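First subunit A sits with subunit B, and in the next complex the same chain sits with subunit C.
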Partner chain A sequence: MGLLRYTLWRLAQAIPVLIGIITITFFLANQIPGDPVEIMLGPSPAQEQVEAIRARYGLDRPAYQRFLTYLAGVATGDLGQSIYYDRPVLEMIMLRLPVTLYLTVSAFVFAIVTAIPLGVISAKRRNKPADHVSRIVSLIGVSTPSFWIGLMLIIVFAFYLGWFPARGLPVPWASPADVRGAETQLQVLRTSLYHLAMPMVALGTLQMAQITRIERSSMVESLQGEYVKLARAYGVSESKIVRKHAFQVAQLPVITIVGLGLSTALGGAVLTETVFEIQGMGRLIITAINNQDYELIMGTTFMFGVAFVVGVIITDIAYAYIDPRVAYGDET
Partner chain B sequence: MTEPLLSVRDLKTQFFTEDGTVRAVDGISFDVYEGEIVGLVGESGAGKSVATSSILRLVDSPGEIVGGEIEFKGETIFGLEEDGAGELRPRDEMLTESEMRKRIRGREIAIIFQDPMESLNPVFTVGGQLREFIEINRDLDPDEAREEAIDMLREVGIPAPESRYDEYPHQFSGGMRQRVLIAMALACQPDLIIADEPTTALDVTVEGEILEMVTDLQEKYDTSFIWVTHDMSVVAEICDRVNVMYLGEIIEQAEVDDLFYDTKHPYTSALLDSMPRPDKTVDELRPIEGVMPEAINPPSGCRFHSRCPEAREVCREVHPDLRDLSDEGAATHTGACVKHDAFDVGYDDSPAIETQTGSGFSAGLTETGGEAE
Partner chain C sequence: MATETDSATDGSTDTEGTGAGEVEARVGLRYTLRQVKRDTTARIGIYTVGFITLVAVLGSLDYYVFDYGVAEAIWYSPVQDPEQVRRLLPPVGMENQYGQGTLEHPMGTDHRGRDILGRLFYGTRIAITVGFMATAIGLVGGTLIGAVSGYYGGWIDDVLQRVTETIYAIPFLVLVIAFMTAFGRDLSFAMIGVGITSVPVFNRLIRSRVVSVREEDYIEAARAAGVKDRNIILRHVIPNSFAPVLVQATLQIGVSILIVAGLSFLGFGAQPPTPSWGQMLSASRNYMLPAPTFSLFPGIAILITVIGFNILGDGLQDALDPRINN
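And then the complex of A and B:
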């Protein structure tokens, strides 16, 4: 089986998982005490008004009927209507998702770009000063919550030093008209990167620390491998051993951590977006929950589920690509 | 006799651990001449593998070569001298690390490791790995190296080498992987190949095939081998000369026939008794009693005395060096056991001592006890 067919097969396998996510979310969301209509209309509303709204959003029908309608809607790409925003859920998600993806992907790029060299150097200079520094940094990184890092960054770099803005995150592809102080697309990009710096570090630090630790231990193990001894015995240079022979084997566990970290990072994005007042998916999901906006809760949860599944699939594909021992499912 | 290809003199390699200094290789000397297969035999922990990594100067930290000389084809792989202040420092002519890497490792001395399952890199193709080492050590361009790799795979008996070239190690069986590693060693056209227990991890039928193949290829390419093993039957099959190691020392050196038929050291006898032999019928095999002591704190006197069925008081006190015990006119045969006349330290008058062999539950109790009296 080729890589393409393997990918399609993995995507097909994701469908039951997503149906499961929808089912669980739907019934859980409906179990939350309280009622969106109450929140909308305030205390002691008129009975007719309540009924009209319930009918409008289909809340008067039994749960299983609503569930089936919802499922059919999702299959056709309709995620329902947000009660709070009074707009289609999909539209809200499409508005917010790019911001969150922009933030998360940047945080991951930051994490990987810093963590891999750190981990490799740490492994290569095992138990020497460089290793100790890198291990302490990553230990601190793993144990510090992202929102605290965010707050500290704001205090130091926004409040005292005034180097970076503390609020909001315009995307680089926004039109100059929507971004304050920007007239050209280049200025939009500049503003965007300025805004990105702090939330990216806040969100990426945990990932960086985790990847560094895995990269280090994986490289340490790989550097002790018999194949490394063999390469040395055949006169391969030490730098090539680190860069090629040991490195490629060592990346397998790292890929797993990066893939799983994707979902952690999306969770972390909720906090980071709150701290930096970024209008992304995180803020959206919090608004949805606060207002018992059923359809929006489900839509956002579903999107997080999709992101998680996609993360796992990307991990599997990367694994199959880098490790020849992972057959594409046809040899088992 | 002609100059040896490799000459090891009084080599000492030690490991500096938290518990103390482990004298893994403690003053061994041996030669390898062109075109011969020299055996390095002993139990696990005797220091055989450390000795071979010392020859390539690839001893892992905390291990270090602390003394002795290694000469290879007139070049100094290792050698120390005293400077003005009486400190030991590497001699000027000793090859640098980068010279070792570029001129010796792979190119002149290649190695085959024990575990074929772990020695190949799992994420690169077998052919790619072969080609890389051939490129480095024979200065060939990638296409030539590829040709050479395929030829070599064919030479070591891998069927359809063109297609298997692009396969990964996990698609090869253990025996096939060991053939690949042998191909790797031969393809670099070294003068010396160190085979570090290359057949230990394989089953006996595959072992037989591989030994046969190595013997043929050795004749064809006229490469010298150091064959490390604990298996006397392998020694009998392929070695020309043998060095028997015990606890970091060589305790007997002889041509293979002399070693088998005119054994001088009780440890060698014990090794021979512990394997089945076609020329002797025995009721049961006699394993060597006890385990090898730690090299961190070797026994006084003869290091084997604690397990030796022939040990006497004197063995506890006198540390025997390797002396020539050969009959006049015969090939050199050295051994390190005071029971021989060459030592003259009063072995015959010394009382027998209790050893692990005589300490109780062993099957050989009566027999060994009787001998010692």
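And then the complex of A and C:
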């Protein structure tokens, strides 16, 4: 009961934030210099043509009216019309969003799967060689630009060794007809995973390093807890203490950092998609900017915000699930 | 000077369970510096950051005072060379389809025949400036908002916190890109944009400290003595929240350098021919096969710089955390 109420309450809380995001993106998009109609019609278009287009996209009305229309549109699931492509923005986003989510979620899976053992080993063997190695790895991880990791991976694993393809990312649920060299769904999955490997590592390294650091310090603290001392006094084996007693408690800060890391990862996806030429949300926003496609810029920025807010809500609920005190505590 | 003494006396409430005389010495800039010097990793951090900053300063001197003095010497111009044979040279001791590396260009040359080491050298200037400026903007903005928000509470707190939360809710690289599209693509807007995105980080940090400091007796006493709110915030509340902010600021410089490198990589930021690391990496993408080392060195430069700030930040944290010292 507590968890359900907490979930609903968290969702309700997100509404003002989403309205805030729309306000910021609308304000920014309105500041963009240059005229999209001009870009669309070429340098010297006929006057009637310009006016017709302006009327069609509502550009002739004052800003506050357009803002209210846009807000109402978003509430009903209409993100407007891309001026450059002449297609609904939502439709374009829905084509690209799955690719970006596929990449980002995989990067987090990679990060968590590698970081948790590293962090736990590091905490267990504190100040021993294994700890130093893991700390240096995570220090390098938080200090390396993700796009550079991508470039290095391409040079080594695509150009020299030829193990993985350097560009593109087909999603595993794509139809075999759309993926080159694949005839069955299983082959699509295989191709997809081959394409995924390098971008996943490039994007996930930073998250991996951050999670390792938190996991280590959290485990170190947890292993010094009274309950661990008690368990030791009762003669519980050391590996069981780590697995059962210390580990669970130590995961709370890790969940928080995963939620916050989403912001970095979604931003990093823009860079990773550029490096690996993946047709996702990141490429979409860059093309939209280059074409001065207002509605598409607003739509993509908004969707990035939505993706982050939803991600944070999911991590918050996961937190409340593991630590029920959150859901039953005073809701302020 | 006055604020420093304030923080020294006021901070004594933070460290409990130690002798009074010792407490006095446990805070303040001099004590921190002594702690940092004692820590080996922090020392490495200081040396790295010091070295990079020195390179940046020398680069600026060369650029502004001597008008590209050294740069001319190592700056190979393809225009002056009619044959254009020395393009994309590899580093010393290596070979590629364009020839063999020479000592004149220890790290080789880029696609326009310019010395990579020289350009890395000048790139330092931009990275350091951007790192410090963006962090300063975030620090000042975040500290003011956080302090005011936490000190007054009530509706002011609510409004300010909702606004910063909203800024935080857009992935920051996307926000800076949108911001720069709206206002301008050059470096100054990159700094402001990255600064704005780091406002929520400092805000959150300061606010949580202020909320606990606000209830302290000495603040109560200052208020009873008729000290203005503004002075209480500036003289007592902010100095007492100084330590974690200093640590965060050091780490944030590294983060800002990474973000701006990413922005330059995407074409937002320093415009060519100004050498910046991100933009060098962006240019290298077209030559990854014939000249892989072209992509290698700018990345290493970023890596070393950011590692320096991260090590320094970690060292400061250890030095400033009273729990670890005890």
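Just so we're on the same page, the second predicted complex is superposed on the first by the 323 of 332 C-alpha atoms of A that agree within 3 Å, B and C clash if a C-alpha of one lies under 4 Å from a C-alpha of the other, contacts with A are read in each partner's own complex, and residues count from 1 in each chain.
Definition applied: contacts are C-beta pairs under 8 Å (C-beta built on N, C-alpha and C of every residue); 3 or more make two chains touch, one makes a residue touch a chain.
Just so you know, these numbers come straight off a predicted model, no measurement behind them.
Participant: Clash or fit: how do subunit B and subunit C relate after the overlay on subunit A?
Facilitator: Verdict on subunit A: subunit B and subunit C fit.
Participant: Please work out whether A:80 is in contact with subunit B alone, subunit C alone, both, or neither, and reply first, second, both or neither.
Facilitator: A:80 sits against neither subunit B nor subunit C.
Participant: Of the two partners subunit B and subunit C, indicate the one touching more residues belonging to subunit A.
Facilitator: Subunit A has more residues touched by C than by the other partner.
Participant: After the superposition on A, what does A:248 contact: first (subunit B), second (subunit C), both or neither?
Facilitator: In the superposed model, A:248 contacts subunit B only, not subunit C.
Participant: Quick check for you: in the superposed arrangement, does A:234 touch first (subunit B), second (subunit C), both or neither?
Facilitator: A:234 sits against subunit B, while subunit C stays out of touch.
Participant: A:324 in the overlay: touching subunit B, subunit C, both, or neither? Say first, second, both or neither.
Facilitator: So A:324 only meets subunit B here.
Participant: Angle subunit B-subunit A-subunit C between C-alpha centres, in steps of 10 degrees?
Facilitator: Here the answer is 70 degrees.
Participant: On the combined arrangement from the superposition, state the nearest Cα-Cα distance between subunit B and subunit C in Å.
Facilitator: Comparing every C-alpha of subunit B with every C-alpha of subunit C, the smallest gap is 11 Å.
Participant: Help me check something: in the complex, which residues belonging to subunit A touch subunit C?
Facilitator: 16-17, 20-21, 23-25, 28-32, 139-140, 142-148, 151-152, 154-155, 159, 262-268, 270-271, 274-275, 285-286, 289, 297, 300-301, 304-305, 307-309, 312
Participant: Provide the residue numbers of subunit A that touch subunit B in the complex, in ascending order.
Facilitator: Subunit A reaches subunit B through residues 225-227, 229-237, 245, 248-249, 322-325.
Participant: Of all residues in subunit C, which touch subunit A in the complex?
Facilitator: It is residues 162-163, 165-175, 177-179, 181-183, 254, 258-259, 261-262, 265-266, 278, 281, 284-285, 288-289, 292, 295-296, 298-299, 302-303, 306-307, 310-311 of subunit C that touch subunit A.
Participant: Quick check: in the complex, which residue numbers of subunit B touch subunit A?
Facilitator: 56, 58, 101-102, 104-107, 110-111, 113, 115, 118-125, 132-133, 136-137, 168, 170, 181, 184, 188
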